[in-house]
Amino acid sequence: MDATLLKDLFQKVKDGTIALDEAVQKLKLLPFEDVGFASIDHHRSLRRGFPEVIYGRGKKVNEIITIIEKMIAKEDNVLVTRLTDSKATIIKKHFPSSDYSSTSRLLTIRVNPIEKRGKGTILVMSAGTADIPVAEEATITATFMGNDVETLFDVGVAGLHRLLQNKDVIMRAFVIVVVAGMEGALPSIVGGLVDRPVIAVPTSTGYGASFRGLSALLGMLNSCAAGITVVNIDNGFGAGYAASLINRL
Amino acid sequence: MDATLLKDLFQKVKDGTIALDEAVQKLKLLPFEDVGFASIDHHRSLRRGFPEVIYGRGKKVNEIITIIEKMIAKEDNVLVTRLTDSKATIIKKHFPSSDYSSTSRLLTIRVNPIEKRGKGTILVMSAGTADIPVAEEATITATFMGNDVETLFDVGVAGLHRLLQNKDVIMRAFVIVVVAGMEGALPSIVGGLVDRPVIAVPTSTGYGASFRGLSALLGMLNSCAAGITVVNIDNGFGAGYAASLINRL
Amino acid sequence: MDATLLKDLFQKVKDGTIALDEAVQKLKLLPFEDVGFASIDHHRSLRRGFPEVIYGRGKKVNEIITIIEKMIAKEDNVLVTRLTDSKATIIKKHFPSSDYSSTSRLLTIRVNPIEKRGKGTILVMSAGTADIPVAEEATITATFMGNDVETLFDVGVAGLHRLLQNKDVIMRAFVIVVVAGMEGALPSIVGGLVDRPVIAVPTSTGYGASFRGLSALLGMLNSCAAGITVVNIDNGFGAGYAASLINRL
Amino acid sequence: MDATLLKDLFQKVKDGTIALDEAVQKLKLLPFEDVGFASIDHHRSLRRGFPEVIYGRGKKVNEIITIIEKMIAKEDNVLVTRLTDSKATIIKKHFPSSDYSSTSRLLTIRVNPIEKRGKGTILVMSAGTADIPVAEEATITATFMGNDVETLFDVGVAGLHRLLQNKDVIMRAFVIVVVAGMEGALPSIVGGLVDRPVIAVPTSTGYGASFRGLSALLGMLNSCAAGITVVNIDNGFGAGYAASLINRL
Amino acid sequence: MDATLLKDLFQKVKDGTIALDEAVQKLKLLPFEDVGFASIDHHRSLRRGFPEVIYGRGKKVNEIITIIEKMIAKEDNVLVTRLTDSKATIIKKHFPSSDYSSTSRLLTIRVNPIEKRGKGTILVMSAGTADIPVAEEATITATFMGNDVETLFDVGVAGLHRLLQNKDVIMRAFVIVVVAGMEGALPSIVGGLVDRPVIAVPTSTGYGASFRGLSALLGMLNSCAAGITVVNIDNGFGAGYAASLINRL
Amino acid sequence: MDATLLKDLFQKVKDGTIALDEAVQKLKLLPFEDVGFASIDHHRSLRRGFPEVIYGRGKKVNEIITIIEKMIAKEDNVLVTRLTDSKATIIKKHFPSSDYSSTSRLLTIRVNPIEKRGKGTILVMSAGTADIPVAEEATITATFMGNDVETLFDVGVAGLHRLLQNKDVIMRAFVIVVVAGMEGALPSIVGGLVDRPVIAVPTSTGYGASFRGLSALLGMLNSCAAGITVVNIDNGFGAGYAASLINRL
Amino acid sequence: MDATLLKDLFQKVKDGTIALDEAVQKLKLLPFEDVGFASIDHHRSLRRGFPEVIYGRGKKVNEIITIIEKMIAKEDNVLVTRLTDSKATIIKKHFPSSDYSSTSRLLTIRVNPIEKRGKGTILVMSAGTADIPVAEEATITATFMGNDVETLFDVGVAGLHRLLQNKDVIMRAFVIVVVAGMEGALPSIVGGLVDRPVIAVPTSTGYGASFRGLSALLGMLNSCAAGITVVNIDNGFGAGYAASLINRL
Amino acid sequence: MDATLLKDLFQKVKDGTIALDEAVQKLKLLPFEDVGFASIDHHRSLRRGFPEVIYGRGKKVNEIITIIEKMIAKEDNVLVTRLTDSKATIIKKHFPSSDYSSTSRLLTIRVNPIEKRGKGTILVMSAGTADIPVAEEATITATFMGNDVETLFDVGVAGLHRLLQNKDVIMRAFVIVVVAGMEGALPSIVGGLVDRPVIAVPTSTGYGASFRGLSALLGMLNSCAAGITVVNIDNGFGAGYAASLINRL
């Protein structure tokens, strides 16, 4: 469509029916999206190297299936987040090759083999048992994005020795995702031990004055250890994604 | 600059050293901003018809003077918001034709006469004496944007009769800006009387549980009168600006 | 009971079987409540003239029935607040003479006729349909406490004329309870019209930035009309009770 | 009724059975609503040109049906907001000509044809899939109020190209309603592109630190683009209504 | 003025130059405030029996002086609240008969002797030394409004014996104003002892998690003692005013 | 284990098969936890004298059973907190000797007899009926930790006499846990009467402006009585645990 | 005093000049504080063994001097908290033997030698340099209350090794006060290492999302280590006081 | 140091003056930090390659000078953050080679030349003029940590064209720090354009409902663009530090 538009213009230039300066002027007045913009999006997906991700919450199961079908048609790998068990059951019937993790509420379909793109190992740590679903969400996301991922769960700050016993695995990681609820102190400890990027994920576990994750979120934002960055409460996917971006640099 | 780039391309098309399809392809791969985007901004300023506004807070007085000089050079009218008295004194020395309103903290310079662009009258109302600075900010802004503005100050909801005594001026307005602190109830009353757009401006007046305007803000957002929209606390400028956009439709 | 204890002591003093200093010492060591304090409580219940009220929420139905039985045994009138329908059904089977209002979630049992103790009329007003349950809670409470109560519902501030059409009933009230959610502006309007005590009750109606009644609560606390006092969100009972205290002065 | 009252008075004046001064005095003592105020309300409904809207939440289905019947008797068009599916099913049986949109929770009954009253086009945009119900609420409301409405859904700020590809539809709108949850950034982008009134609607979509729409609400109130006004979280109806008021100026 | 207007109309009726029906119609079309409303305000000030109060904060000293002059001209008693020492010094020079209380920031001028209008005694209690300014504001206000006022300061809940030692003065009060910061527990204790209206005033004293009075405010709103109502943080004036309204019933 | 490792090293030193400097270097490179740290944990569990506690919320019933089995294998007493009735039913089938308290949601298994370790009596007080579940959680926890525990429930501050009637039991306690919702004033009263450590537990009872326990929490943190410390909202377990630590000093 | 009163009564009983019943009645009518309550307060001060503490903030320097003089007259040791430097300078002139710590804002006067009453050592730890003033406030308070106090400052969680290097001093403490701002994680670490009572003090250090100590406060309330209790933000005095109560058990 | 300690032990083992088992036992009782832990810290500083950073706020100027002297003695480069102008003036007199940036409040001393350690370019972007100080703090920090840093200031989302005109510099960055106040929308836009790690820094600029940066913070945490992580409000240093960690991977 826009090609036609442009071709017309070029034809006129070629034919000499329009002066060069006038052509330049005309081009500028064209709606910009018709000449250049669609390509931006194209470039972007090329560069990002990640398929689009489907945020499952609030979408009806039919809507999700339709989107998946389009993605598979384009030979994209598929990642659906925040998918309830009941929706997953229906989707799995349509796409028997899909994998669903009930804990992390992630569904994945591997149309193409996953290309290893991460340079080092991503470590996903979590403080308490209740933080594991979010930690798994980060783990599966980072794995699906082409990284080697190690995990270290249940290393809360009140049992410091368990943390220190695992010094080696912590020290060898390239990027560390730390998932914690309640007071959210684990990232500060880890950030003080290593010289690697630490992505902190507050969780909504706890009760009372945890205020659904606010306590952990504020704790992480105020960490006295430099180099820590934070994502939204319970956003394991975002942490895994950010870690993947970092790890492929 | 981009002109050169494009001219080159067109020249090649004209010379036949490049095929039409290839030219189209090449154009698409050009950085988009070089072909079409600068014009967007140009169009925008044409269409908006408002000069850029200088947000005075946090800017040093020299920075503001520099920006004003550039705007005057382009023959734009100048509006500086949230300007302290001490900065204004210095600026007025540089630009003797400028007008400064200490109450509203606005400084204006009229390079060109202000063109009447508003269709009807904008009415700016305020509830208490302490709300007047914000109300004046809205008033001067809307006037400067080319509107006829009427004002109705000190018509708080606890003295309903004063409000009702001014029914006429309320009824004849096209757009109404209502400024109120404390419980922020005035917009609901006004919104129930008229069938015109009402823009509510909460102010940070009051003390204690007014929480610096939060009380009025929430009150206005929850108004039981339909058709009311709200701007930020103490944002008289934003209300005057929005009212101007509406009034020139 | 305590009288016996004291009489014994005095008898010993009289009989000379105990020295004066020893008696004084002994008296000091008596649990203080046995000599003076129980009477405070006794006086208090005499003076208050209100039966104890049972807060139904969080209590099991059997617990409530036990308490009611004790109260009836003492020939007290019974008022149960925040009672769910399902609990009320069971309780009504035990006490067939009880009255239950599903809207206000109040259950009452009149063991004695209600003595008129209020001097004037209490008016209960409410802004929206959704505020009626709380308004009814105030109405029934005040009636049960021995007051003449009038009601004026659905007089929101966005329809000012309905409010003003009822000027008479507003003007003749001794005490006014005003129930409103959303922006909570109604008490300010009423407080500006009358010279009577106005008790404002914020409700948790509304959505979004009403934050479960916070908006109305803050609005009422910041009212620009003097003489308004506020109770907790949805606390119709408390407002009715406070109005009763005022009305019997 | 009041006419009778007044006529009596006038008759006495005419008959000379009452002195002029006494008549004036008497008139002042009449309940004011009997002489002047009812007309305000009458005028208001004439001028507003909108039927009353029924806020469905918290009302029982029978109450809603009764109100609808009265409105139909007056030949008013009917709009019910925030209506659950289960209530809608019952209401539709009573009023087979009613339309119910499950997504937006709006029920409409067209007693009279809808008169076109808007001057230009209202555009309703939304950022994410989860924002669509609120966007639809705005769309249907504005349509029902007599406007031409266009929609542009799923144009989130993280995919800027999709937004820019639709520059034309954005540019030609008279009034724009922008619905967004999460960070609520879309109105700022749109407000920077156009010189039209932009009404921003925060939604309660998202999780964690979105705090049920607070994040989007604050983002919109603090928009760096002038001319944006905001309504309550999820208040699609209010946005559509305000846009209609603006569009008929 | 409006009398003239009406007289004209009546004269025409009397003269027969206007038909009855036409007169009624005309009357309805008159601006309502001209016939009935001004009188409301007049009635209101008569009934309220209180002079207008000047809220000193945010007003310039000249503005305050002007308002005082008008009030004195009308022979009203004058009460200025939230007046800083520096403003008070200037005002006292203009009005040498004025009294200024630096602690409570109140300035009063007695043009007329204060008429005793309260039926019983108002008791103002405060918990800590830091609460005294607010307590004094309530005390002076209530005294100025024509009440007998007793005070009981420094009776914090952590020293229960001091409170109980003053049982008598508490018991004999008609209305009790209780001022407290920090945890705001004093009103609950007092409310449990008496059967009188208790008006609770939270103060912004304290530090840290007192959040400028929020802690005391929430404590008072959630009081387990029925019959307590609350005013804004630090609003001693409002409490004294409300107590006066109650005490004159 | 680590002993072997070290012994090997020492043997080599002794044998002269490794140089001193090399041995030192080697030691440093050993994972630190193998030499010194594991013992910290060992010491800690010895010293603490408490078994690990299982936080039941968010754990699946099978996970809990597995943990219990391990603890019983180590002959530890078992305490599970925040256990729902449905999970408890299943667990009780596996461990018939377990005790479950539905009110406090605690499940306990006594593998060993509980050794009395507390020096004095711990008193657990609560203000309202709705606070009893949290108070029971504290009571059972402290009992299970080897303390003599007394309880005093339903002694709210609005009925001061009931509190004072129990002066003796209050005075003789070593440590006092005070559980209260709503305004959370009880700890201040108790803290003013005794010279013992008072641990305050806010509860999420109440409604409206109690904001799920925030009101009580803030009240307790701002207590005017010195010596009061606070735990999380509804954290009866934490209070019982802290009281146990104090009581065994 | 009250003894005299009672003795009189007893004398009359003994003399037979008053009947037994009448004596009992009279006793009941005596102000209760004269028979039993004053002694509570007396007992309390005996038992507490602490002088009254003067909260310096918000008190005028003259008021403080007056209170100090009374306390010295009663031979009490004096502790003034939150005293500014300027006030302290004046007070030191009146009481040359007083000690003032500018860092902690505490002034102390030792009238009597401080009796050692603590059983073990209290350890005061702090995380950052900015937390030292609050830590010193706790230290001086606890020392003044008769305890051996050790300190361990600047042991933030991001430098875990410094904390662990001081394991010994941590292990030997009876009671530990942990002062920390920002994320407030230090108490969790310490609480996981020891089996002693840990009192956590959040500080208002930090910026941005620390929200003046809210972040640290929430972190501490949500600590995953059991046995931690919390005091108000910046309340070093309260922590030192509570630690003293615990240490003297 | 610890080497000596250990060598002694080994020597005794070698000499046979201590039994193997005894040696093992002794080793365990050694303060653990002497054997293994100090090395952690040593390793850490080696690996991190960053000097310690001095947080200037709340520290007295003498304290800062002392710390600097120690660092220079160890030949560390020095970075002081949040340093006021007045403190900087004094420090510069002591260390004439220091550089102080008043805008960013950073002081740096280069003892050693800064080694380039970053692999790519770090881009620091900011939205408004008022955000520049925080952006400069990030810029100088990252530069000082050995990175090539580019900057792009004043590219707010309301002027999209300026952002898009700089597509190239955005596209070529390895890591992007985006600083924005008000609605905090810029990171979402940037995050949607690139496939690089984006670190978002909310600032406390703005007024009213920006709530000192809360608005921007929430906006960034809820960004709809994946891969964005967030640091504390105004924490330019933390963002520059984290970007440096990422860029040297």
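We call the chains A, B, C, D, E, F, G and H, going by the order they appear; numbering starts again at 1 in every chain.
In this text, contacts are C-beta pairs under 8 Å (C-beta built on N, C-alpha and C of every residue); 3 or more make two chains touch, one makes a residue touch a chain.
Bear in mind the structure is a predicted one, so any value in this text is a computation, not a measurement.
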| item | value |
| --- | --- |
| Duplicate of the F-G contact set - from A-D, A-F or B-D, the pair where over half of the pairs recur | B-D |
| Pair of chains joined by more contacts [C-beta pairs], D-E or A-H | A-H |
| Rounded Å distance, chain B centre to chain G centre (Cα mean) | 55 |
| Averaged-CA centre spacing for the pair chain H and chain F, given as whole angstrom | 38 |
| Intercentroid distance (Cα basis), chain F paired with chain B, Å | 58 |
| Touching two or more other chains - residues of chain G | 32, 37, 40, 128, 159, 167, 192-193, 208-210, 214, 217, 221-222, 226, 232-233 |
| Touch relationships between chains, expressed as pairs | A-B, A-D, A-F, A-G, A-H, B-C, B-D, B-E, B-H, C-D, C-E, C-F, C-G, D-E, D-H, E-F, E-G, F-G, F-H, G-H |
| Residue ranges of chain F touching chain H (in the complex, touch as defined) | 3, 6-7, 10-11, 13-14, 16, 20-21, 23-24, 27-28, 30, 32, 35-37, 39-40 |
| Residue ranges of chain G touching chain F (in the complex, touch as defined) | 40, 44, 47-50, 53, 119-120, 167, 174-175, 192-197, 199, 217, 221-222, 226-233, 237-239, 241-242, 245-247, 249 |
| Chain F contact footprint on chain A (complex, rising order) | 128-130, 159, 161-162, 164-165, 167-168, 205, 207-210 |
| Chain C-touching residues of chain B, taken from the complex the two chains share | 127-128, 156-160, 181-185, 188-189, 191-193, 206, 208-211, 214-216, 218-226 |
| In the complex with chain B, residue positions of chain E that touch it | 31-33, 37-38, 40-41, 44, 55, 57-59, 63, 82, 202, 204, 212-214, 217, 232-235 |
